[in-house]
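Order as written gives the chain letters A, B and C; numbering starts at 1 within each chain.
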Amino acid sequence: MTAARLVPPPTKGHLSVARLSRFWYVACRSSELGRTPLRRTLLGVPLVLFRARDKVGALLDRCPHRNVPLSLGRVVGGELQCKYHGWEFDCSGRCTKVPGLEGEVERDRRVPACAVREQDGFVWVWPELDAQPTREPFGVPQVESDAGYATVVREVSARASLHATLENALDVPHTAFLHRGLFRGGARNEIRARLKRRRDMVEIEYLGEPRPEGLAGRLLSPSGGTVEHWDRFFLPSIAQVEYRLGPETHFRVTAFGSPVSDFETKLFAVAQFRTRLPARLVKLVLQPAALRIFAQDARILGAQTDNITRFGGEQFMNTELDLMGPAMWRLLKQAESGDDGAGAPDAFEIEKEIRFWA
Amino acid sequence: MTAARLVPPPTKGHLSVARLSRFWYVACRSSELGRTPLRRTLLGVPLVLFRARDKVGALLDRCPHRNVPLSLGRVVGGELQCKYHGWEFDCSGRCTKVPGLEGEVERDRRVPACAVREQDGFVWVWPELDAQPTREPFGVPQVESDAGYATVVREVSARASLHATLENALDVPHTAFLHRGLFRGGARNEIRARLKRRRDMVEIEYLGEPRPEGLAGRLLSPSGGTVEHWDRFFLPSIAQVEYRLGPETHFRVTAFGSPVSDFETKLFAVAQFRTRLPARLVKLVLQPAALRIFAQDARILGAQTDNITRFGGEQFMNTELDLMGPAMWRLLKQAESGDDGAGAPDAFEIEKEIRFWA
Amino acid sequence: MTAARLVPPPTKGHLSVARLSRFWYVACRSSELGRTPLRRTLLGVPLVLFRARDKVGALLDRCPHRNVPLSLGRVVGGELQCKYHGWEFDCSGRCTKVPGLEGEVERDRRVPACAVREQDGFVWVWPELDAQPTREPFGVPQVESDAGYATVVREVSARASLHATLENALDVPHTAFLHRGLFRGGARNEIRARLKRRRDMVEIEYLGEPRPEGLAGRLLSPSGGTVEHWDRFFLPSIAQVEYRLGPETHFRVTAFGSPVSDFETKLFAVAQFRTRLPARLVKLVLQPAALRIFAQDARILGAQTDNITRFGGEQFMNTELDLMGPAMWRLLKQAESGDDGAGAPDAFEIEKEIRFWA
């Protein structure tokens, strides 16, 4: 309407948003899904999850009759019953009953459905509607059951894209600033980071990293020692951080990213660990710290999203310290254009090695 | 920006929204309109209603001078005075005074106005601006004044289109589910529904309907008996439900729909009834039930609207039980394309008869 | 989607919004800017203000690395440090440190910056990014320091365009209506208003104005007397009201408008006055009245903005009483098309004289 508008310098209009529907995602924890249907949104599409006898259904959350959410309904026998007119649907989406039309043969009345797996305490959904999955969900890595490992599972959310959320989860350089006092800090060392990649994953190995300073470090390894540290990304949405400090201490957090919508992401994190200290004590100390760290991450990610929205897109500037983000983005784009990393994995190549101070 | 977006199955992009401006609508109850001007929105257009001496004005709610809402003003003598600079307007929209320019001849300073009728305790507005109505408002049906009828008037609102709100008001099959326990239920009977239509209305007569079960039924007809039941729709926005149970019990609810905007609808309902029980007792029991029923309806209608918005349009699937909705929609579309049902009413034809279980 | 929509009469689609980026604006008061960076938005562009040693920086509020707001960061030495990864920037926007890359030569890493002046207790910003100002900020008019003047500074906000907010601040006719009882009213007099203009300002002088009635009037001039009254607008956003009542009483309010965004405006008002009464008493009585008057103005301006938004644009109707608004708009449009009123000021011409009743 008026010219000469003051505008910020032009952004690329780019958004690091990938929408990969031909992959499995965690929709909820198994323990959340009881008698009451749950509404869960995946990649922007509202779904209703329900448990009918020994099966789990995941249907588009819209009754084909008058389009009300099926998640307002209830489970009756093995069917999900719509709250408005009582239409009933089975786990495959087939309409098995329209009250009032009892005698009638059912025709093509149905609601689109998603494939579902229940595995490792999670309900996994393949968000492509009415489609056959082409693989199985990513398994939570097993630990030797007699080796004194403890496991903690937590769900957190960020108002940010899947890519930004996972980049943050796998980013080393921010910890000294955003989490000042809680994580890292102190004397600085030269560290080498070596990036390897396959068609479906990226791994960064850190060499020369000292025992972390701060509270976390003292707990992870009371006697100091060398650190082995790997950060990994697996298509489409899995972030994994693994630490070994000497022969006894082993930490591994596997976070399953669930893209609610373009700028809303859930993480279902499974932390597995073994230390010389009792697991109960480690949980007692680490859990509040981990939740506080994630709250700081969620806040900065939300502020990042707000700024990207306000400026009409991203305009990022990478340095060579930004190893993981660009590598993840390359894999996501490849997957979006059809290469989902399935089939024979190609060689695991060392692609890059950098040195930095941390 | 990115391809391969997961989208729900294509909707028709259809919305059951008709915008009929050449009809009368209830804007408010007469008792609401006192000394203070009221802002009321009809078909998305903000209007100011005011009572100036013995007349009621309905003007576009925007002062022509600096565009502030005239509804912030006050009535001075027979005029509505703008709060900002004191410009005054009469019921026809003519500007009669600009303070400071006392001596000046008024020219074409005016604000667009709507025709108004005050009738049956309601203020009716013809929302087409600066236009002559081509008929009179729908009259509330009269009852024999000596026959012990009681009347109750209520206003309710739904976040839904006029069509969805009226379809819900005239829909029989949903009552057993959405209002489980409050209305209907129990043993199921085969019922016949016969749909008649004229150019300006639709009527469904229900035959073979037993006395309603549940609380409402026991009150309506303590001794059981046969039910006579009609549901009616009159252009553009009137829903009527009538029950007769034997010679003594008679219920009739006439609901005047007022389209605030595409997805916001008010209903001004006039319930007229006569039973063997004292009217006060009937009101005492039925009113809370009626309000609870409407709250359930409003909730499901709002959820339906949210889903339609989220999915970018409706994708309804009718069965032969959906008699009233499609018939109403046909009349609304005819009216939108110019056939307002006025003139000699055509024959009242039986169009369809179905059987169902309820 | 559907035709025959009822719409209000067509508006011009016009908005009185000018976006002048090549001028100084007040961003905040000097006293607000301490150790903590401040986010301030000017003409829709988010900026971060910070005080680093003896300088003030104003940068685009977006870290070039991952686009988070720099205003979440902190000042370290003479630099602003980003909260996320600790990148540091000086007042000119240059990135002086990327933690982890200590040894590296800095290249073209920077964030766009605005020119800043700190003057008269305000932080002034030239919102055009990375540009050289072509003049200096408007100075607060000086008063004779030995003449017993008092000064009060206040910041207020309106949800309205800069033009609407300043038109309201300099509008005489509304005071009798919007501020009924607080300002003006009583017997009406014929007043002459004489509009003069230069290329960078407009002045209206009021002749024949009686001592104001009401509370304000009785305080301003207990003994009555003649009023001298000028309203002035200076490009791009300054409104000034000046009253002299006899030799002793002198009031001057200079309000610096700061366009936060198209429909959000701040005013930084400097009131300078001298009366026969003690300044403390005058403040005690006038301040609550002034704040109440501005609250009424802010409310009507917000309602005006809402209506303009709802109707999709303005449709104003001027009379000859609307002297200042159209004259201001003419200057703003000239400035938008490049004529900023700088250079040799042209003659100060009497353009118009009107008579009205107030």
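Basically, a contact is a pair of C-beta atoms (placed from the backbone, for glycine too) under 8 Å apart; a residue touches a chain by one contact, two chains touch by 3 or more.
Treat the numbers as computed from the prediction; the structure is a model and nothing was measured.
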item	value
Rotation in the CA alignment of subunit A with subunit C, degrees, nearest 5	120
Chain copies touching (subunit B, subunit C) - same or different residues, decided at half shared	different
Whole-Å gap between the CA centroids of subunit B and subunit C	48
Residue list for subunit B, restricted to those that touch at least two other chains	none
Subunit A residues touching subunit C - in the complex, by the definition given at the top	1-9, 173-174, 176-178, 300, 303-304, 306-308, 310-311, 314-321, 356-358
Interface residues, subunit A side, partner subunit B - complex	13-15, 17-21, 42-46, 60-62, 64-69, 72, 81-86, 98-102, 109, 112, 127-129, 336-337
